[in-house]
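Okay, handing you the structure first.
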Amino acid sequence: MQFLSDNAAAVHPAVWDAMHRADASDSPYDGDALSQRLDAAFSDLFGRDCVALWVASGTAANCLALAAMVPPHGGIICHRQAHIEHHEGGAPAFFTHGAKLILADGEDARLAPAEIERIRAMIERDVHEVQPHAVSITQTSELGCTYKPHEVAAIAETARRLGLSLHVDGARFANAVAYLGCDPWQACQGAAALSFGCVKNGGMSAEALVFFEPSLADVARYRRKRAGHLQSKGRYLAAQILALLEGDLWLANGRAANAAAGELALAAGNRLLHPVEANEVFLKVTAPERAALRAQGFAFYDWGNDAARLVTAWNSDATHVADLARAIRQL
Amino acid sequence: MQFLSDNAAAVHPAVWDAMHRADASDSPYDGDALSQRLDAAFSDLFGRDCVALWVASGTAANCLALAAMVPPHGGIICHRQAHIEHHEGGAPAFFTHGAKLILADGEDARLAPAEIERIRAMIERDVHEVQPHAVSITQTSELGCTYKPHEVAAIAETARRLGLSLHVDGARFANAVAYLGCDPWQACQGAAALSFGCVKNGGMSAEALVFFEPSLADVARYRRKRAGHLQSKGRYLAAQILALLEGDLWLANGRAANAAAGELALAAGNRLLHPVEANEVFLKVTAPERAALRAQGFAFYDWGNDAARLVTAWNSDATHVADLARAIRQL
Amino acid sequence: MQFLSDNAAAVHPAVWDAMHRADASDSPYDGDALSQRLDAAFSDLFGRDCVALWVASGTAANCLALAAMVPPHGGIICHRQAHIEHHEGGAPAFFTHGAKLILADGEDARLAPAEIERIRAMIERDVHEVQPHAVSITQTSELGCTYKPHEVAAIAETARRLGLSLHVDGARFANAVAYLGCDPWQACQGAAALSFGCVKNGGMSAEALVFFEPSLADVARYRRKRAGHLQSKGRYLAAQILALLEGDLWLANGRAANAAAGELALAAGNRLLHPVEANEVFLKVTAPERAALRAQGFAFYDWGNDAARLVTAWNSDATHVADLARAIRQL
Amino acid sequence: MQFLSDNAAAVHPAVWDAMHRADASDSPYDGDALSQRLDAAFSDLFGRDCVALWVASGTAANCLALAAMVPPHGGIICHRQAHIEHHEGGAPAFFTHGAKLILADGEDARLAPAEIERIRAMIERDVHEVQPHAVSITQTSELGCTYKPHEVAAIAETARRLGLSLHVDGARFANAVAYLGCDPWQACQGAAALSFGCVKNGGMSAEALVFFEPSLADVARYRRKRAGHLQSKGRYLAAQILALLEGDLWLANGRAANAAAGELALAAGNRLLHPVEANEVFLKVTAPERAALRAQGFAFYDWGNDAARLVTAWNSDATHVADLARAIRQL
């Protein structure tokens, strides 16, 4: 009974179907009809002109976005616990040619405008220190929390005022929008680029890198090729993304994962370490308690010495979820 | 009737089946059973210890190999027409952090030992010039020609003597081995790394990067992650590769493509610009002749002003091939 | 009356003389007799085989050292206040092609073995996190404190055990050795490379990058050229370094600067924020007090809101020092 | 009797004097009065607004200029024999983070507009090929020839039309202007940046990187620091440059070197391989002839098997020059 991560869940049947249909075309790279539909599909979704590129991983999406925004000698303000800082093996430095992640603090792995201002103010405006050129936030955050629309707006406004571009890492953007119940744009408003996650949400090997500033996409296209991410059969990636957008399957999948997490959160009660606003549950559990859960067949990651992280997915088995909820209650 | 390239052909049914079966697992990255089988599968194929990593593109395979072999201040001797020089958008410089491609000449886009020695001898051994650290050859070459086993061996020996590592870009390795009828190792013997192509040969989105020197793989693993190429659902890539290795499907596919090209070559007669030793046919045809072929529904690329390139694939339609052969005869 | 920094003090007369004498030669780059003497000069100084390269700045020395030790995908453990982290404008990432500075804590801007072990232990040994390959310490530290010989030895031993190379940023190495009164090697023992500072100590434009592991120098030579740091009239840099080594002028200069700082330290009494073990004095002074000092003609940097940093140099004017000491006492 | 290169000649007395006077200041980096005068000095010289930065080497000047003009995924059109291609140890790729040198041909190591257009036209405008973003020419060329003012203007116009920035490597700019007898701007008109050489012309360790597009300098300032080229005692570099500009010493030095080369050219007669338009003389001489010259005490580089390169400097000894001229005549 798998609660380790949503990053390896099976592919959704509708995604499979769309991929199979892509067999029929034979246009290479992103010249095929499916790839060509991405801009319009995301422009519809966000109610504004977008340019969208498929890439094979969230790391590639995040880092191509940052590389288009930040010069090699620049920096990116992000949360100390951000995925780009901790779990991308140095990819941001690779794609940006050495730009620096400038680490900020904030509850629930979220940044607040005042913290961004504090960081900016600490850095002397001379050549001896790396100057920030962008802010990157994660929606939902590494601790399963969301930025409310007004919070995103405030961050965007702060970034704009400080001359910083805004990137949103949306590996679990679907879960955030499903939770917030808002218009998708409201969940990332003011961003220059969004990594729109698909792999954790029913896709196989495609993430959408959505640019709200088209000139950035012109750069990113070259950088994508240069990073070995311009697959020649790109239509199979476009097919995945379009299948998830079709009929808002992405949102339905996000809601399903959130609902499962909600059930676990209810069971966890005051063991919760963070609000459960998406599909991740962080709960206080001792080592013996964790051992007890594992003995019952539940797989999950430790979160330090006194806690665990439970992640649900679009296809979390209802019985497994109910069983785990019960097991948590009985700890 | 498509003869533009083999790089966008449909996915082979056996590959689809293997991918579907991969739905059952949920181990992320390359921790799944399929990914774990790659080393053994390639060790069997090549009759020696291999470490094999999946990546999403030939560009990524080539460049991760080179990055593991060559320091940022080093160089790579390759043919002037090599894919890494011409069609990878600067990816070799990106992955290697600026290593230099040192261009060499040779008939049929192939390098000879004497040319490698000539290039090495031209470069003064001081810090003012970039020193070569590797040789990269393409099997089959950009002009559809192969290196015979003894030629590969001679190049490997020359490289070894000059202190250069050997990389083989095998985007169309299957076609070469199918043509040569040799043991796979003989077609790349002495290489430290081989980009074993699958995408052009019935796969969807997976190439195998095979290291014959395991220590290079230790570096490449970190570099793969750092380049955003460690997909979380890597099992779907491993599945593709294993499906092609199973029962030597890769060779059967290579043979099928070669056979189609052979039929065209026969028709082309003395219009041929290069020996047809794989699945690419370069033929002398005037602009009006090319227009005539296109008017009959054949799609292909011009090759300069007086020639055309025809590429067949594992699934080239027999009728289309016969029709094109006839049309060529009737030019 | 200048106490801002030692980094812009006048050039020592003996250094000038040596530079003038270098006019006579005309061998370019580092082929001249002076440059060729550096290895032997430092081998004598440290009592072991050294390879020494001149470079134009401490930043270049530090970063060429790190680039020779750490692959692009690796990391470097250093103190949170290290110069390489704060005041080199991202140069470490540039020279190393993106290696990551992994920040550690420690009193007086110094690292302890236990902290290095803690940091290493926090990082999971997988490709998702950047793995440390080196430790960099600063002798003397950013806060004017030294590592005692046994402390350096303990760090070196810890680094060795953890598979990390050791770099010592010795921008003020002379001040440290002058303070410690030890053999120079004892102040950096176990290091693979030392940035031996000359510019702050009577030189003009030359630092010595000393390798105790010669194979690193082979790499650094190429990297130096590639970074535009192989000056064609390198003999003028070698002359500076040799002049400072001659008759231990470097130590005499270090002692002179330390003595001036010691006089200020005595005056500062319990205003001192850190032990004064070199030529930097950090003292608690309010804004009005700082204004009062400045009104008397003393120039220095604020250190946050409630402190000031005073730096002495090899040529600090004795009267100015005495005046400042008196002014501090009278605050 | 040295005719190897001008790159290691002694420092001019006026430069020494200016450097000594710089002892008096103690402002670090480029905050001193001398460094602050550079912009105005070059604005005067070129009759237009300039921003000028000192750096320690021609390689650094060239590569910082290119890095400010060209993105990492871009390319630079230059002559096949350009210094940036052949003798900078890969520095252009390092500073630009992998931009590609796109090699062009042309007599006397000079580019012509038609060749630039030919190269641009050969490169398909897609992401698979590296797109040129700049042109770099060398004034005087690697073969000692100059671009006439109208030739520079034509190249600049071609570059502008093709959307390419223009860089001029002026390691021997003084020699070119001395030869052309034109206004300095005419010798580089339309350039976005000029590497204004001083080291080969009486300086010690300072080249001036002159930007005619000030926004590029804003980037270059950060990149200079990041490359370890912001020396803390920068005033000694500024002093060198200003001393050479003072009273047009740079031109006088250029003329002196050219005159010496002219004397040799006259002696060489129809042995000359290239017009002698600066301070380099390429002459056809057999191996025995070269041996004969060397036996008389003349030092110079072979230029392939059948030629030699003779280089004069600002301080070439008149007797040595006369002796060499005579020796050549008597071959």
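Letters A, B, C and D mark the chains as written, and numbering starts fresh at 1 in each.
Basically, a residue touches a chain if its C-beta (ideal position, glycine included) is under 8 Å from a C-beta of that chain, and two chains touch if they have at least 3 such contacts.
On a predicted model such as this, the values are computed, not experimentally measured, just so you know.
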item: From subunit C, the most remote chain by mean C-alpha position; value: B
item: B-C or B-D, whichever has more C-beta pairs in contact; value: B-D
item: Distance from subunit C to subunit B - Cα centre to Cα centre, in angstrom; value: 50
item: Computed distance of Cα centres, subunit D from subunit B, in Å; value: 42
item: Where subunit D touches two or more other chains, by residue; value: 72-73, 88-90, 94, 97-98, 127-128, 222, 225-226, 230
item: Parts of subunit D lying in touch with subunit A, wherever the complex brings them together; value: 71-73, 97-98, 127-128, 131, 219, 221-226, 230
item: Subunit B partner contacts - residues on subunit D that touch it in the complex; value: 72-73, 75, 86-90, 93-94, 97-100, 127-130
item: Residues of subunit C defined as touching subunit D within the complex; value: 2, 4-5, 7-11, 16, 20, 23-28, 32, 55-57, 59-61, 63-64, 88-91, 94-95, 199-200, 204-205, 222, 225-233, 235-237
